[in-house]
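The block underneath contains the structure these notes are about, expressed in structure tokens.
Letters A, B and C name the chains as they come in the text, with residue numbers starting at 1 for each one.
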Amino acid sequence: MSEPVTVMNAPIRLDFEIGAGTAQSRYLKGLMEGKIRGQRCPVCKKVYLPPRGSCPTDGVPTEEEVEVAETGTVTTFCVVNIAFSDRAPEVPYVCGQVLLDGADTALLALVAGIKAEECRMGLRVKAVWMPRDEWKYSSENIKWFEPTGEPDADYDTYKEYL
Amino acid sequence: MRDVAIVGFAQSKHLAADTHRNEVEILMPVVAEAIERSGVDRKSIGFTCSGSCDYLIGAPFSFVQALDAVGAWPPIQESHVEMDAAWALYEAWVRLQHGDLDSALVYGFGKTSMGDVTEIMTLQLDPYYLAPLWPDTVSLAALQARAYLEASGKSERDTAEVAARSSRDAASNRNAVRSGDKSADDVLAESPVVSPLRPSDCPPVTDGAAAVILAAGDLVPRLTDRPVWIRGIAHNVEPHSIGTRDLAQSRSTRAAAEKAGVSTGKIDVAEVHAQYSHEELILSDALGLTNGVTMNPSGGALGANPVMATGLIRVGEAASRIASDGASRAVAHAAQGPCLQQNLVCVLEG
Amino acid sequence: MSERAAVVGVGQTQHKSARSDVSIAGLVREAAQGALDDAAMTWSDIDAVVIGKAPDMFEGIVMPELYLADALGAAGKPMMRVHTAGSVGGSTAIVAAGLVEAGIHERVLTVAFEKQSESDAMWGLTVSQPFQAPLVAGAGGYFAPIIRAYMRRSNAPDHIGMLVAVKDRKNALRNPRAHLHLTDIDLKMVEESPMLWEPLRYLEACPSSDGACAIVLGSEKVADAAPNPPAWIHGTAMRSEPTIFAGRDQVNPQAGRDCAADVYKQAGVTDPRRDFDAAEVYVPFSWYEPMWLENLGFCEEGEGWKLTEDGATAFEGDIPWNPSGGVLSSNPIGASGLIRFTEAAQQVRGMAGDYQVDGARRALGHAYGGGSQFFSMWVVGSEKP
């Protein structure tokens, strides 16, 4: 007498062809040129990075492109100890919010070149790019952010971005 | 019940594949246009509700990103249904009954060009018994078409007439994505996709969005002297398994139509959410519509089918016929689920 | 313009990591039947059904309410499916309450569920999108950096999160339906559990549960005739804000504060710490208790951790938070918000069994979702509003 069936596997496969959309396309093209470009809202004047084509608070299109620096501040972060995807980095790794100089929103990014336990809020970092010949239309062109060696940013300079 | 009116409507110029823009970029001008047409100040909109389906884009929380199109700051009262936006309109209508708010923004969007929507919608089926067999939605629709034709005595020529008429009507709809000067013979000459359905009987893949502004109370006369009133709105769902229902009729549409009061007055125009030509005939029966009613003057879903916005667009199109084209009373209908499992009916009056 | 509405029946399943004895339909039916029994109603008494759950991609069923229409007795009736991310359980209750308050229906069956054993929520939450590297490891990876920011802002000592982790699991021991029954739970056990997303440890995070919750909402007439004490709805509110915007306060979101202010005003609450007898608050990660204490106005900004440390929110404290064990003890994601709303109702109905807060007459139910951007809350009371 066989066991009753309690679980079945029903595999699903769906294929999607995803376009980046206008704003993200421009951002990705910038990354292919080694540039990090955000967009400024005509109403509140804030620079959004990555750009989304609209200002979420004013609900208007954001068209003005603004190049931001490759340097910035780690406003906050966590140390990830779970391997959840084969595309994700090796654990433990630091995943943080990086506020680049010139931008008004922080980017989600990897922080490397520093021991995980030494990472701290306010750490000044700069972008480390993948080798140029490996660039593609992806935010992965920026491998991660590494400490610049500058003194940590004062809490007051980034506390409003938390 | 508090009287609620439609005071603004906008939809995108739909495309078969919008390769440049993402959902937010498609939605934003549509929302802005609907708000502008209504005359309501964006920051004073009381309630926002949207309808969408994550699976169309292949990522969860697509409605969250869509919020960027709306300018949700300061924080807004907002909700969302994972249903056609016609149900979001229903939720907004209910919310306005409370009496504390006088306006609502409703929107829906769907980019169906990125995946295969007929396969995606197969996943609406019972995950244990039906979905693993992968019956695609066109095949299921064909089953219903066959059942209807056999039971009603109507013929493929009758459905071809619907398809041809819709195609011709869509030509005067600047937002439609598919149209053409077709005759029933032209349609009958097409090779079936899944018999008895031919390409013209099936909806076009569409990327698009739509938005509607609702108003109630003292706000209405301040905005317009030609409001389109929602006189009745109701919805209903049927058992899931298509083997347990009579596919030749739409019981839930009939029930919703009765609750919404369709038959209490003469109907001039009907916009029904028929993704397939035979569905229009089934729905027309269920709504109790007679020959004098103008059916889907916009060309209907056969002209443009941005899934999750299609039902809302039926409401908007029906409202437009009243607001601009002299109709007095209209029915708008929305549907979702395999073989018209769930239906919503809305009666509009000028 | 608004009628009174009340919770007249409650049903909840046994929350577990895997309910292999029921299908998804079976899971929701169990909860729904429980609610009907509590309300002494049959399926045909129900006028409408409102169901909520988290993203469809979790279980891999597109719009599962269509498949569940039969299990929910919805065939031939109106049915709505709400989806507002993590706050969905709460929004579902609010949409359902709205139908009764508007006088549209008299008896609404309200259900929320998640069958996580038949889904892959981690995958669902981190579906990799093209053009980007996958960075965020599930919900914890998103919230841990925000928690770090709170700790810095408030200068809270490191152990506060762990106090919440212990308290909620101890509370769960009195709740037979809770998923986690960690009889040996103590600070040391939490501290020694693996650090998942520093500063959050494994035992400071919510479990992944199969579960469903159902309530029957009734009109005043229905509630007056109900066999068991009703929980009267004194106020409901929802607020949303965008995920990312310049100047956003991710730690103490404005939407949460506005939502609380709205529902308190409706309910005549001016001092939440004193006016409520219990609160069921969506705390999926330990540190969200002190953060939400501040966001919900139970104390001044920066002081939340002190309330936790002082034991104010413990079962014996002056304002018990999550006497049911909370999200930290049971987390069927789509249902968790409704469970909070429901447990608040059970408190004021006097039907919370072993975790009943004595004499509870007014309670707060709270849910949040997305990137801490969707909030839904209600206030329920043992007396009519």
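Worth a mention:
Keep in mind that, in the parts below, a contact is a pair of C-beta atoms (placed from the backbone, for glycine too) under 8 Å apart; a residue touches a chain by one contact, two chains touch by 3 or more.
Because the structure is a prediction, the values reported are computed rather than measured.
When each chain is reduced to the mean of its CA atoms, the one lying nearest the mean of all protein CA atoms is C. The chain with its Cα centroid farthest from the Cα centroid of chain B is A.
If you average the Cα atoms of chain A and of chain C, the two centres end up 30 Å apart. Centre-to-centre separation between chain A and chain B, using Cα means, comes to 37 Å. Shown for chain C are the residues that touch two or more other chains, namely 60, 129, 242-243, 245.
In chain B, the residues that touch at least two other chains are 55, 58, 65, 67-68, 72-73, 120, 123, 127-128, 131. Within chain A, residues 10, 12, 18, 20, 24, 52, 55-57 each touch two or more of the remaining chains.
Those residues of chain A that touch chain B in the shared complex are 8, 10, 12, 14-25, 52-61.
Put simply, chain B touches chain A in their complex at residues 18-22, 24-25, 28, 31-32, 42, 55, 57-58, 65, 67-73, 113-116, 119-120, 123, 127-128, 131-132. Of all residues in chain C, those touching chain B in their complex are 1-2, 23-24, 55-64, 66-70, 74-85, 91, 95, 98-99, 101-104, 124-125, 127, 129, 237-243, 245, 253-255, 258-259, 370-371, 373-374.
In the complex of the two chains, the chain B residues touching chain C come out as 1-2, 48, 53-55, 58-61, 63-65, 67-68, 72-83, 87, 90-91, 94-95, 97-100, 120-121, 123-128, 131, 234-241, 251-252, 255-256, 336-338, 341-342.
Here chain C touches chain A in the complex through residues 20-21, 60, 122, 126, 128-138, 141, 144-146, 148-149, 152-153, 194-200, 242-247, 249-251, going by the rule given at the top.
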